[in-house]
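First chain written, first letter: the chains are A, B, C and D, and each begins at residue 1.
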Amino acid sequence: MTRLFNDPADFREELIEGFVAAYGRLVRRVPDASGVMAIDAPQPGKVSVVVGGGSGHYPAFCGYVGPGLAAAAVMGNVFAAPSAEQVYRVTKAVASDAGVLYCYGNYSGDVLNFDMAELRCQDEGIDVRTVRVTDDVASAPRGQEEDRRGIAGDFFVFKIAGAAAARGDTLDEVERLARKANERTRSFGVAFGGCTLPGQSAPLFTVEPGRMELGLGVHGEPGIQSSYMRPALEVADLLLDTLLADAPPDAGSTVAVLLNGLGSTQYEEMFVLYKDINRRLQAEGLTPYKPIVNEMVTSLDMAGCSLTLCWLDDELTALLDAPCASAAYTNM
Amino acid sequence: MSSVEGADTVVRRWLALALESISAHEDELGRLDAAAGDGDHGATMVRGLRAANAALSTATGSAGDLLSAAGGAFADAAGGASGALVGALLTTTGRTLGNGPYDTASVVKALQAALTMVMRLGRAQPGDKTLIDALKPFVDALAAQPADAPLSVAWRAALPAAMAGAEATQSMIARRGRSAKLGERSLGHPDPGAVSLVLLLQAADTVFATS
Amino acid sequence: MTRLFNDPADFREELIEGFVAAYGRLVRRVPDASGVMAIDAPQPGKVSVVVGGGSGHYPAFCGYVGPGLAAAAVMGNVFAAPSAEQVYRVTKAVASDAGVLYCYGNYSGDVLNFDMAELRCQDEGIDVRTVRVTDDVASAPRGQEEDRRGIAGDFFVFKIAGAAAARGDTLDEVERLARKANERTRSFGVAFGGCTLPGQSAPLFTVEPGRMELGLGVHGEPGIQSSYMRPALEVADLLLDTLLADAPPDAGSTVAVLLNGLGSTQYEEMFVLYKDINRRLQAEGLTPYKPIVNEMVTSLDMAGCSLTLCWLDDELTALLDAPCASAAYTNM
Amino acid sequence: MSSVEGADTVVRRWLALALESISAHEDELGRLDAAAGDGDHGATMVRGLRAANAALSTATGSAGDLLSAAGGAFADAAGGASGALVGALLTTTGRTLGNGPYDTASVVKALQAALTMVMRLGRAQPGDKTLIDALKPFVDALAAQPADAPLSVAWRAALPAAMAGAEATQSMIARRGRSAKLGERSLGHPDPGAVSLVLLLQAADTVFATS
């Protein structure tokens, strides 16, 4: 539950102020807007990748702003997409002559607001494109991949888009690579306990003790199925069975791996689980590439985790490996 | 009530009452949203309506201008899907209505424009379990009232259609918005956006009836 | 609570295996020991900094092993110091001709076991020194600083020791710098909810709703005082009042800052709190240096946070800024 | 019981019974530790005793060797403060006792050496609210028994001193170990290490009485 706040109505504003105060070496506040921009953005000739969404998912989204990653993040209230007005203002602040790529998780509210801002920016002559992250296999069946919501897969798509932008790729190319990364990324999650919005006393949802929810959304949207709690070994199989059944066609055998914690699941538990995930990946003939076991896209203090696989090829690998610096992820 | 003088007061009274009514239902709307979505619909609507009322406290002009201003402030403060959609609903209504005298026919025309805009933006169809399922039946019912009926009478006559529409979302499977991902698990709960839209329409009814 | 495990008795072993599987690009398993070592350790002519303690505090301790940081971490069971035997084996694996510095939080179990290993290693001719981290002002009064326990301040001491070792400082010098960092580091924490050991169903302790514990230890040791829950602004003042009353003498006005989450406190909450911490620091005439708001030393899924200040001078600043790479902290 | 043959059996039976007894009290020891420490004392002792018993299943030799082997395995598997201290207690007792015949006097000598070692390692004094507060009174009481008393008789006569010592830790303020940091808040609960030490001594008593 959320305990540290002053007036819940000021939560977003205060968190932005605190974030910028802490990480002023990497970001600054977008003047008059609910967002932050990289200290080096915009850069002439380089595409600006703009990410964003509701708050409550840190490090998504502001934690990924910085050199080599996103040029800016638009930050909504907790679990609420930022308004089109805020997306517009942030876009104006970081738009370069090379154009802007919007990258965000596919949720109705985000789509509505980013789309409205995109139209407005295009009317003003700014070249804006959009790649929506749709990695969550629980949220729509195969064949309807574009209807899926975006969860922890955000990270790989942002990283790849940001790296392409940083090396000076054209907007067409940055868009193509982000889209390709998204098409090759799949996630599936399980949850063990709910999260509570700031100022509220009851959790958004609860999970019965001894049970878990499969395919639960990062905003506490109920899962697609409920199950009894199982040993880590079986959870690993469940995650991998689901993801492998949905593997992108002809995508090779090297996978970037992210085992993502949603908030209050312990790091130690995730490593125990990763042991079993790793064994299974090896058994499937897949080669995990620089796995990450961490909290990369959270859901306030929800208990649970998700597994993301991004099937790599050479060009995606090079972009994943490119250096970057941000509050939450630094690569060198 | 068809006088230009009264129109701004009606808008102001409506949005003040809407904030009161939605605030009173904030937790309930949150719970409805949590059933299949992310639980923030009550908080989002309250945030939006507070900002809309705050904007009106400094705005001038008549109904059209005030609704546009309120819609802009609502959308920006609320965020989310409902921020964009209810904001566009207010703004489009205001723009289409303009600042001249209004009557049932001009309000129908304004709401039809707003409905079209909201459906275009959100790409939702009737039956998708959204606020459209309350809004469209209402606009249709209002359009079906005698053209010379006073707005307060026509509005009250159309209200049951909105309520029935919101009620009917209980047995729909969400296809748009966050809860779309849930498929069948969205069954059995009405759509929070449809419920809050009915509250907004009811608040207007109260204002019309007492002005 | 801990949900993801197989046999609780295998928890430590499985987490080490999972950690090494995930971060093999940075660490490898110490053969036949409960610990991990940096891929580049030992390095001839360079001191090896060995950290360690009970598990349940990730990223402490294994998350800080890697080039430019610790050479190895000895990993005990959850909340239990590693045995002297394990400390000995890990030390043998990374001991270089330049010697070894032990760095760990000051707890009875850790002191006992590291001291026994130190004696044994010295008997074998390995030059081992020890610097215990004693940053927690809640755990003993002024004047008894060396009795204090170590909490999130571990991070600054490890980073500074690791950087000194990496640049080739002598063991005397690495020890001096680690000791200096520790003497200039103070932490104080608050907790809002308990944590649960793997395999147990009841939390170690509970905090009444609407209340908080002040000065609670990172193993759930009860706090020194209980208080009603307060707005973030007052929590910030409480943390800073306590730390500033205990500031090291003549330590200047530049402070490294770590606002550390214990497990299930949300990042967003910590940023809201940091906003108020930052304002207060400024008002006190202190200059925060590259603040960190993150989970750096956790306590399973405990809810709460601590604030650490490390009063810097030029030589400590240079070491904090030095590059390093590890699973949990990369600097470039 | 003073025969060399029986000594190894006594040690094996003792550690098996100790594991049973401590396991039965695991939760209680955890709760006592949680009152002022980190709650793992029960788990730590069980882990250590399991490993000690496992080591004995492959170890050979008589009492001295077995106690040394058990102590090493205990310390390594248990970890923590109690791992180091109880491990050293076992090992030092074993080393001092050796594999020859033993009697009350040689056991007293071995336990005195062990007590000295544990106090040296842990730097705790009587009154610091640790296992020393059960161990020292016991060793002193055992030493005060007639030199020719059979071990089973002397042991049982000394046991109340250990129990009283553990009991007395309730009104002590912890100074050593994790709970030292708590000062006054450690009052009112007995020290978990002292309680588990009494359980170990009681298990030995049962074995002596039945062998």
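Quick note on the criterion: contacts are C-beta pairs under 8 Å (C-beta built on N, C-alpha and C of every residue); 3 or more make two chains touch, one makes a residue touch a chain.
Quantities reported herein were computed from a predicted structural model and do not represent experimental measurements.
Shared contacts of chain A and chain D, meaning chains that touch the two of them, come down to C. Taking the mean Cα position of each chain as its centre, D sits at the greatest distance from chain A. Taking each chain's centre as the average of its CA atoms, chain B and chain D sit 75 Å apart. Each chain gets one centre point, the mean of its Cα atoms, and the points for chain B and chain C are 54 Å apart.
Separating the centre of chain A from that of chain C, both taken as means of CA atoms, is a distance of 28 Å. Centroids built from CA atoms put chain B at 32 Å from chain A. Counting only residues that touch two or more partner chains, chain A has 78. Within chain B, contacts with two or more other chains are made by no residue at all. Taken as a contact graph, with one node per protein chain and an edge wherever two chains touch, the assembly forms an open path, each chain linked only to its neighbours along a line.
Across the assembly, chains come into contact as A-B, A-C, C-D. Within the complex formed with chain B, the residues of chain A that make contact are 9, 54, 76-86, 107-109, 112-113, 115-116, 136, 138-140, 147-149, 197, 200, 204-205, 217, 219-222, 224.
Residue ranges of chain C in contact with chain A, taken from their complex: 1-6, 11, 14-19, 21-23, 25, 55-56, 58-59, 63, 78, 192, 198, 212, 229, 231-233, 235, 257, 259, 263-276, 278, 288, 290-295, 298, 300-301, 303, 305, 323, 325, 327-328, 330-332. Residues of chain D that touch chain C in their complex: 30, 34-40, 43-44, 47, 72, 75-85, 87, 121-122, 176-183, 185.
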